[in-house]
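Following this message is one structure expressed as structure tokens.
Read from first to last, the chains carry the letters A, B, C and D; within each, the first residue is number 1.
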């Protein structure tokens, strides 16, 4: 069992124009930097990207937006960048905004063979338009559908050739959920380790969910809001 | 934040006749031995127990069955013990058998505020009787409802006074899911440690799901099927 | 009249020992600075951490440790980290004891609008819709009126809703109010603010019963 | 005619490198003993482990490490442990490449019955219903006839179903058959077994086209 590929270029083999991708990360935290760069380089276009956010102008998914490679974003919170705003307001970019918890649950459901579930989030709002409403325990809920993707691209801290992954801190976020929901899941990791080095009890994403893995290079790990306190 | 109680007797305070309990474990692996003993001792009756299995004649939930404290079992696989069989066939014990994956997902849903979801498991079988059927992606699914309990009782390996838990090996099984779904969740652990000793990245059950915790004593950890190979 | 810190300080008095709390961006974030003595609470951030601590000391920022506002944070002893599905399981499953968020508008039936202004760039709801649809105990922290002096406490929201009939309490620069079946029930006045001031600044139904005490902050 | 080990051996030839496999209790469990040379597969057990290894050496049993049959096991290098919901996410989400289980009856449309005999003690379906409802590649391993000599390959199941139209292949002591829209398609005969023997032991529709080779085990 060896899922290691040489690099991001090899990892994104098979990703084509008009495909649907999931990309892990929250803000710029835990995003697959290497694969995003490779997608930019290969200039794959017409992409539908499922990702909680859309990066900033010059980093993360913003890089794909700059080159107009994205046709549609499915996200919970966007617009930290001007190009996104311009494309959205001009109608070039299709944007589907969905509640963050529903996004997380829909990815998890997609990877779990649960095609749909009821959630209270969004009832009575425009998010509920066209969706089935049903009351449970005296409370209204709406029916949300699972999400899957042609490729899911995630970023982890450590991984092995079986595809087992461990994340660090809040860089975990959507990564394990999207890893479950890709028809093909690509994991880029900061460090490839030998099988057995990761304690089976501490593996966050079991290797079965991952088809390709590689050790990324030159991680910038940019901080979006650097907040500090002063030593007193 | 200190959720530590002295022992199993203190932990089960408030559990009353006719309540619904979830009990973690798979077979005899990862079962809350101390709390089961305390429930036997206190002779609480009329219980509805949600647990994947029902123990054996002289261990696990079998101890509660011997004293006829259980009115109804909600499980996926039972009958490893004679008393269970006798009570079930005589009609003394009500038994609701549900697919193991649906049981796991229904507990998780119950703890997650998802009141119902669609699953393919059980379609076309007696499990589907009276349940809504809907087709997704060309496949029939049935609507399953979330499960919750008055008390969830789980067993973990290590825990701290915040209620954070780590499980060991396959003793994890249903424990983290049931921990989420109890109105009150009791955790018994083999070892209580200081907050901070458990790496935040490796905590399986965040403390928010746990209301009471104590260090259990005299764990027998009985093996149901001791299978070994010989050294050649 | 209270400033933003005053609002945060007043809401902090609602905290109870052992509570799990989710604080939204803006005024709510300030509440963490005013936790009453002798009380221990844990802060959850919906991207996936429980036991969020203060900002790191300079030079100790970790790109892999941020909150839902994308700010660098620290983790307290006893913190735990989890994926976003588990995080919203905590929220949707009503394991969070208190949610505090800002709003553009609150209606006197508990409706809230805080995510979208038609015609303007829409950034998205983030976790707000999950939070308001699920939380049993929601306090809105906001200024009583908007920049044009118009009341933000309305008979009915005019902006697209974030959630319906969900807000339990509103704390503004002028007042503390519960939301009841008959509208905003005035509980406390901010220092130096009269009942009449509050009535003038409130478009929704305001219930004033008996003597309204000035709040202690 | 094959014995139980022979059935397991034949099914093992279906394994492909890199596959994730869930083996049911009984004959399927034996398959792990016959993994072809040069092939690497990982075994999943639905209680929550991937990368299940052989039984432990005597004295090394760990009560906290068992399989779905409640047997003590070991974990291979690269194994992972997870909760039961994640385990069934793998199963329901079709991440498992092959599921092998036993059956009491299989119908020629792929229906399977393997969990309940009316009038007898019912132990429950365990994970079987999730497995058969979800898996894309299900092989049934069983004897061709029951203890009373009656065919277990039927036109229609008589026992309560575990799942419908789900079995893809059946390997018995007599034959290997695919399930097709028109019934059991005979692919291979067990050593020393004639097509007629198989026809006599099969109540469901059996398709025999051309020469049926004897299987190589």
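Here is the rule we go by: a residue touches a chain if its C-beta (ideal position, glycine included) is under 8 Å from a C-beta of that chain, and two chains touch if they have at least 3 such contacts.
Please read all numbers here as calculations on a predicted model, not as lab measurements.
Engineer: Can you give me the shortest step count from chain A to chain B, moving only between touching chains?
Structural biologist: 1
Engineer: If I rank B-D and B-C by number of C-beta contact pairs, which comes first?
Structural biologist: Result of the comparison of B-D and B-C: B-D.
Engineer: What whole-number Å value describes the gap between the mean CA coordinates of chain C and chain D?
Structural biologist: Distance between chain centres: 55 Å.
Engineer: How many angstrom lie between the CA centroids of chain B and chain D, rounded to a whole number?
Structural biologist: One centre to the other, that is 28 Å.
Engineer: For chain A and chain D, what's the span in angstrom between their mean Cα positions?
Structural biologist: Distance between chain centres: 36 Å.
Engineer: Please set out, as single numbers or ranges, the residues of chain D touching at least two other chains.
Structural biologist: 49, 75, 81-82, 85, 88, 91-92, 134
Engineer: Mind pulling the residue numbers of chain A that touch at least two other chains?
Structural biologist: Touching at least two other chains: 105, 108, 112-114, 119-120, 168-169, 172, 200-201.
Engineer: Indicate which of the five shapes (line, ring, star, complete, other) describes how the chains touch one another.
Structural biologist: other
Engineer: I'd like to see which chains touch which, written out pair by pair.
Structural biologist: Listed in label order, the chain pairs in contact are A-B, A-C, A-D, B-C, B-D.
Engineer: Would you pull the chain A residues touching chain C in the complex into a rising list?
Structural biologist: By the definition above, chain A touches chain C via 26-30, 52, 75-80, 85, 88-89, 97, 99-105, 107-108, 119-127, 157, 168-177, 204, 221-231.
Engineer: List the residues on chain B that touch chain C in their complex, please.
Structural biologist: Counting only chain B, the residues touching chain C are 1, 108, 110-114, 160-162, 164, 180, 195-196, 200-201, 203, 206-209.
Engineer: For the complex, give me every residue of chain D touching chain B.
Structural biologist: Per the touch definition, chain D meets chain B at residues 45-49, 54-73, 75, 81-85, 87-88, 91-92, 111, 121-130, 133-134, 160-164.
Engineer: Could you please specify the touching residues of chain D with respect to chain A in the complex?
Structural biologist: 18, 20, 40, 42, 44, 49-51, 75, 77-82, 85-86, 88-96, 134
Engineer: Give every residue of chain A touching chain B within the complex, in rising order.
Structural biologist: 105, 109, 112-120, 134, 136-137, 139, 141, 145, 166-169, 172, 200-202
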